[in-house]
Amino acid sequence: MSFPLLTATAALPAVGAIVTAAVPAGRRTAAKWTALLFSLGTLVLAGLVFARFEPGGDRYQLTESHPWIADFGVRYDLGVDGIGVALLGLTALLIPFVLLAGWHDADPLETHSSRWRPTQGFFALILMVEAMVILSFEATDVFLFYILFEAMLIPMYFLIGGFGDRAHAGSEENAAAQRSYAAVKFLLYNLAGGLIMLAAVIGLYVVAGSFSLSEIAEARANGSLEMAGSTEKWLFLGFFFAFAVKAPLWPLHTWLPNAMGEATTPVAVLITAVVDKVGTFAMLRYCLQLFPEASKWATPVILVLALVSIIYGALLAVGQRDIKRLIAYASISHFGFIVLGIFAMTSQGQSGATLYMVNHGISTAALMLVAGFLITRRGSRLIADYGGVQKVAPVLAGTFLIGGLATLSLPGLAPFVSEFLVLVGAFSAYPVVGIVATVGIVLAALYVLVLYQRTMTGPVRESVRAMPDLRVRELAVALPLIALLIFLGVFPKPVTDVVNPAVQHTMQDVQKKDPQPEVEAAK
Amino acid sequence: MNPVNYLYLAALLFTIGASGVLIRRNAIVVFMCIELMLNACNLALVSFSRMHGNLDGQILAFFTMVVAAAEVVVGLAIIVSLFRSRHSASVDDASLMKL
Amino acid sequence: MENLIALLVAAPLLGAAVLLCGGRRLDRSGHWIGTVLAAASFVVGAVLFTDMLGKGAEDRALHQKLFSWIPVEGFQADVAFQLDQLSMTFVLLITGVGTLIHIYSIGYMEHDERRRRFFGYLNLFLAAMLILVIADNYLLLYVGWEGVGLASYLLIGFWQHKPSAATAAKKAFLVNRVGDIGLSIAIMLMFTTFGTFAFGPVLEATGDTSEGKLTAIGLMLLLAACGKSAQVPLQSWLGDAMEGPTPVSALIHAATMVTAGVYLIVRSGAIFNAAPDAQLVVTIVGAVTLLFGAIVGCAKDDIKKALAGSTMSQIGYMILAAGLGPIGYVFAIMHLVTHGFFKAGLFLGAGSVMHGMNDEVDMRRYGGLRKYMPVTFVTFGLGYLAIIGFPGLSGFFSKDKIIEAAFAKGGTEGWILGSVALLGAAITAFYMTRVMLMTFFGEERWRHAATPSPDEPDVEPAAATGEPHPHESPKSMTIPMIVLAFGSVFAGGLFSVGDRFLHWLEPVTGHDHGHAPVSATTVTAATMVVLVIGVAVAWAMYGRKPVPAVAPRGSLLTRAARRDLLQDDFNHVVLVRGGEHLTRSLVYVDHTLVDGVVNGTAASMGGLSGRLRKLQNGYARSYAVSMFGGTAVLIAATLLMRAV
Amino acid sequence: MNASLAAAASATSTGEAVQFWLLGTVAVIGALSTVLMKKAVHSALSLAGTMIVLAVFYLANGAYFLGIVQIVVYTGAIMMLFLFVVMLVGVTAADSLKETIKGQRWLAAGCGLGFGVLLIAGIGQASLRSYNGLGAANALHGGNVEGLANLIFTKYVFAFEITGALLITATVGAMLLTHRERTERAKTQRELSQERVRSSHLPPLPAPGVYARHNAVDIAGLLPDGTPSELTVMQTLRRRGQIRDVSGEALADLKALEQRSGERLGRGLADRAEASEEHAEEGEEVAK
């Protein structure tokens, strides 16, 4: 048996979490470095996965399979396709930056006792989330995936509820109340989704007699597993609901602004750039693969929901007064694009959606983390408290602008590629949908530029006059992300090469062909 | 007379005892009502013992008595210490079992 | 030779990267790096140009594929360049004028502590603009398209500490984004129609699809062009864009970027040729903007805004010409090039004036400046003569051709368009003469009115105090002005003699003489007549009697024109206010309705449990009752089960 | 004797029937008075009665050992324990019969009635075998006690041992619950006497009720002017608020007495009336 690379990739951060948590109270810095080293190690392993993965090979590669709960046929089955590789890479890539950005976010306050160890907890929890997310991208057993899908809520809950943004307007009690409201809301929304999914998972087992993704898909494909139309629809809806909450899709989105607003910025990035991707990833892998007919049946409604998310999220972002909530609503808009790409059911749309997941992760991380640096400096999340930062902290403003431009999908930066692919994919299948979604790009420009104008330009406000520019640690976070945004904007081939075959498999699953160009169709 | 009547009597006593538990507020009286219910059970057990023609029912009744004795000791001790702290033997005064 | 194409873009891109990432240590040398790299790009362009001249007309086009950009199933986008005569024209214009303006900026921006950054942005602009014109497919063109938008955003908002500049920058970007919707939909339409969006395959395959599709594509391209070239109805950003430093106005908002729309339409000529309806709309947009810009230009007292109105109007001419189809393509581009010279010259002149007048922009506070800044006066004057179409200067040749071509369109359309073009020429003569008279002639109004203009309370402390001391600008500024003045004077003649320009571009754009209902001489004569009328009216109004230092109330039209013909007010009321209300109500809806449903569910659950909690009253006896009742129910159930 | 008892165990004689109906009635009445009596002492006594009746029933059912144990343990020990506690808590403390929990009484009645009916219906429905009687079982080991002993020490020996443990635990538990930790050193005799001498009450405290024709401990003695004296009643009762105030009654009696004697002696009625009114007013004030 070969080296279980996938297990190792997921296990390393888990081990890291345990080791970090065990660091004694006084050795805060050691804990931070431990966590960072483990996350970098994970990145190396993820790089190995990326290198060992052959785009032209089998659908699932690097597979591992062990029986787990024999009575129910639950197996510990791992394997990655191109989409999994891309997202696994994204996760492993972002976590070191998240850790680095949150270097001081969980330092104990002076009022805390010396035995209090929030730092260790914070870093360990982030690594725990990483482990679970990575494993969920690797799982090819529905039950295993479900367990991880739910289990990652626990560390996330503590990360949101336990480590709030210190830049909160208002009293400490008020902040704590808001935080716990956000954490509970996050948990309840996702648990509700997960509960419905659990029912669907059980239903799937009853119908299919197996939890194995590949087995079920194969049985579906060769006709040995007939599913009544209504059964398939109900099961699909059960899965989709959970994923739509996680993604989040309008109107199940309201937990995200609260959670992102109240959490520390690294955790906010973790939510939107990493954890939420599990939702859209699962739509692509589970909904389309297991329930192709139902997916097609539900497409019109889902496309409308995605469109509403795009426009609605963008409009609400324009109306926000809180920087982090603004970015959260922008993310809702972007998730609308991702879902649109997935359910447009064209090669371009789905490749674009996968690419979008990666790019959105990077661009949101860049924007949000820099916004976090800004917020930490001034101690306020309100846009109105800023002005003229560009003059005192030009590098900060510059990185913020680039993050913003990535968010509005400026050509030349990575998100443009994916957004355009999604739009083209949607347009070629459903022209009207594509046109309406295009309006989103204007609104994106509006909210990003309004944000930039109000915070960075204009006369220098007294409160920001003494604001220092980015420090080395912060530059180490911002610059690589920006470099990556530019690189993937100019040369996305490494990612598309990996993603394309997987998308073709998915297209076969749903038995859809790309619409032919009119000219070629005529010939 | 049919010996079943003993059972009817036991049921009646038990019901009266139970109603007493529900109605009375004095902890001691409530406790007495509980004893009444236990006794009703004992009567039924003895009667069953007679019905089945073996002594197991009586053994059970015997154990009931022992347990009842233990229970009374502890229960009355609780009542006394409750009384000490609250100056009252009313069960309604100890209504802390709520949110 | 092909490999040099990438170098065109690489040089300024490198400059931008170095200058923007280099940090303060480049503050002292940054402007030279920027200028040298811009010049290097011009040199590469010139080399390629001479090489191109050496080849036959048909195989002059060069092509270079760098790498595959977005390879997705069924969707191939490459980073590939194509350099043909049309692109070449633009390359030379962009790098040439660009280099001159770099040189000019060295002097103009001398006292700005962020000069390095300014040059970085200028280089970024050059790179993006070059990508725009040498891309071989629409998607890469889109990259350049947005790139110039970004550069324009950064440069308009260069003085970010001024809220007006930041707002203007944002506005420019947003209005351009609206146009970009058009471009992206056009590209998507091309993809679904042709399966590709490279120039070659798309433009060759126009015959294979329906006219309706092509009209749709054409209209979407026009929308894009309207955004970038400030055509009605997306023109509102250009006036505000004058908040940027003057070299920026000269380069981006006069000579190059704003003409990208014309390039797009001419480049997509094959699509428009096959879609007459779209062409008609293009000409209408051009004609309307032509008048719109001219009227606005007449009313503005801010010298840069007057010139901006003029730019709008002149681009209207180009769009009009481009809409005429093969009759007008060449002339559109020719006017574009000549306009690039004289309008850049005019802007640089205006910048020079401002430089000498403590950044004063109100023409009512100028007057009689010809004595103080002779070089500026002469170069500005030559530019002025060129733009009004004084015989022999470049504007005369290019504008005259467009008017001719408009008439040559034929039919009622031809007459209407031709007349509008003529009328535009008259108004052009009027407002340019007005600018000239107010600035360089008449009494020296600045001597008494040395208070800062109310719009700009916080420009420079120097501007706020004391009387200005008009003086000529340094060499680095006057030399580019002189060079551009040469261009303004001679370019037209150079192009027109022997129809050189026509033959140069014809292989790319095609040409058609049309059926002129009136002879060329008649048109020229008519143009001369309206020209004289325009100048005369302006002289009567501004030359013969003194210009009041404070703007008179003016007629209704004047007042409307001062406010950009109420376009901004419309935008403000409908889009800004409406949008604000929409977002505010949506925020409310999200909070109360969407979130409210969820929180309401939670609250009703809480309420229900609150009710149920009352059962939990803490009385042991109550609990006993439930136990007892429960037992009774159990017994009843048992008995019932046995009975059944 | 043995034979007749054995017979009684297996079948019901007329005598047993009579006994059942007579004593059964007594048992039910006892149970009902346990529930319904206002005073805890009365309840306890009624319960004791019921238990004795039950003991007789046990005997009648052939459970001789249990019958005796019932009397010894229940009536003799447990009920006495109850009485002790009742005395500790306050023998005269009567429950107010006003129900405080809304609907509790109705619910209780409903549940009780329903439960009883169902239980009795259940017994009536059950197919109960004819009675075997305990004759054989008792005879097996030579008697009821021996039979029980045999079972207890063989089959149920573990349960028996565990009940032993339970009893010990209960004893310890009761001690723990009622035990009070001393927070300070106990005072010595000497200290107590010194304290007493220092206090204002060197002579014994006045006895309760002596001036009021009552001699219960919970009635305060009246001072010569008719007001009750707090000192005369135990501290515990005072704290509980279990002092009965009979001063008004006493004054009224006094007034009546004076009137009667006045009538008989033929003294000036007018003076008396005035005086009595004054007294009455005073009495009212005291009552308040």
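Couple of notes before you dig in:
Order as written gives the chain letters A, B, C and D; numbering starts at 1 within each chain.
Please note the rule applied: a contact is a pair of C-beta atoms (placed from the backbone, for glycine too) under 8 Å apart; a residue touches a chain by one contact, two chains touch by 3 or more.
Going by UniProt, the chains are A = NADH-quinone oxidoreductase subunit M; B = NADH-quinone oxidoreductase subunit K; D = NADH-quinone oxidoreductase subunit J.
Fair warning: this is a prediction, and the values are worked out from it, not measured in the lab.
Number of steps on the shortest path from chain B to chain C, with steps defined by chain touch: 1. In terms of C-beta pairs in contact, B-D outnumbers the other of B-D and C-D. Of all chains present, the one whose mean CA position sits nearest the global mean of protein CA atoms is A.
Chain centres here are Cα averages; for chain B and chain D they lie 16 Å apart. The distance from the centre of chain C to the centre of chain D, with each centre set as the mean of the Cα atoms, comes to 103 Å. If each chain is reduced to the centroid of its CA atoms, chain A and chain C end up 37 Å from each other. Note: centroid distance chain A to chain B, computed from Cα atoms, is 63 Å. In chain D, the positions touching at least two other chains are 101, 104, 107-108, 111-112, 115, 119. Among the residues of chain B, those touching two or more other chains are numbered 18, 22-23, 25, 92. Multi-chain contact residues of chain C, defined as those touching 2 or more other chains: 617, 619, 621, 625, 628. Counting only pairs that meet the touch rule, the chains in contact are A-C, B-C, B-D, C-D. Chain C makes touch with chain A in their complex at residues 20, 67-75, 79, 139, 142-143, 145-147, 150, 153, 157, 160-163, 165-167, 169-170, 173-174, 177-178, 180-181, 184-185, 187-189, 191-196, 205, 208-209, 213, 458, 579, 582-584, 586-587, 590, 594-595, 597-598, 602. Remark: chain D residues 9, 12, 16-17, 20, 24, 27-28, 31-32, 34-35, 40, 43-44, 47, 50-51, 54, 57-58, 61-63, 65-66, 69-70, 73-74, 77-78, 81-82, 85-86, 88-89, 93, 95, 99-101, 104-105, 107-109, 111-112, 115-116, 119-120, 123, 128-129, 131-138, 144, 147-148, 151-152, 155-156, 159-160, 163, 166-167, 169-171, 173-175, 177-178, 239-240 touch chain B in the complex.
Chain B makes touch with chain C in their complex at residues 18, 21-23, 25, 91-92, 94-99. Listing the residues of chain C that touch chain D in their complex gives 617, 619, 621-622, 625, 628-629, 631-632, 635-636, 638-639, 642-643.
By the touch criterion stated above, chain A contacts chain C in their complex at residues 185, 188-189, 250-251, 253-254, 312, 315-316, 318-320, 347-348, 351-352, 388, 390-391, 398, 405, 410-412, 416-417, 420-421, 423-424, 427-428, 431, 434-435, 438-439, 441-442, 445-446, 449-450, 452-453, 456-460, 490-493, 496-497, 500, 503-504, 514-520, 522-523.
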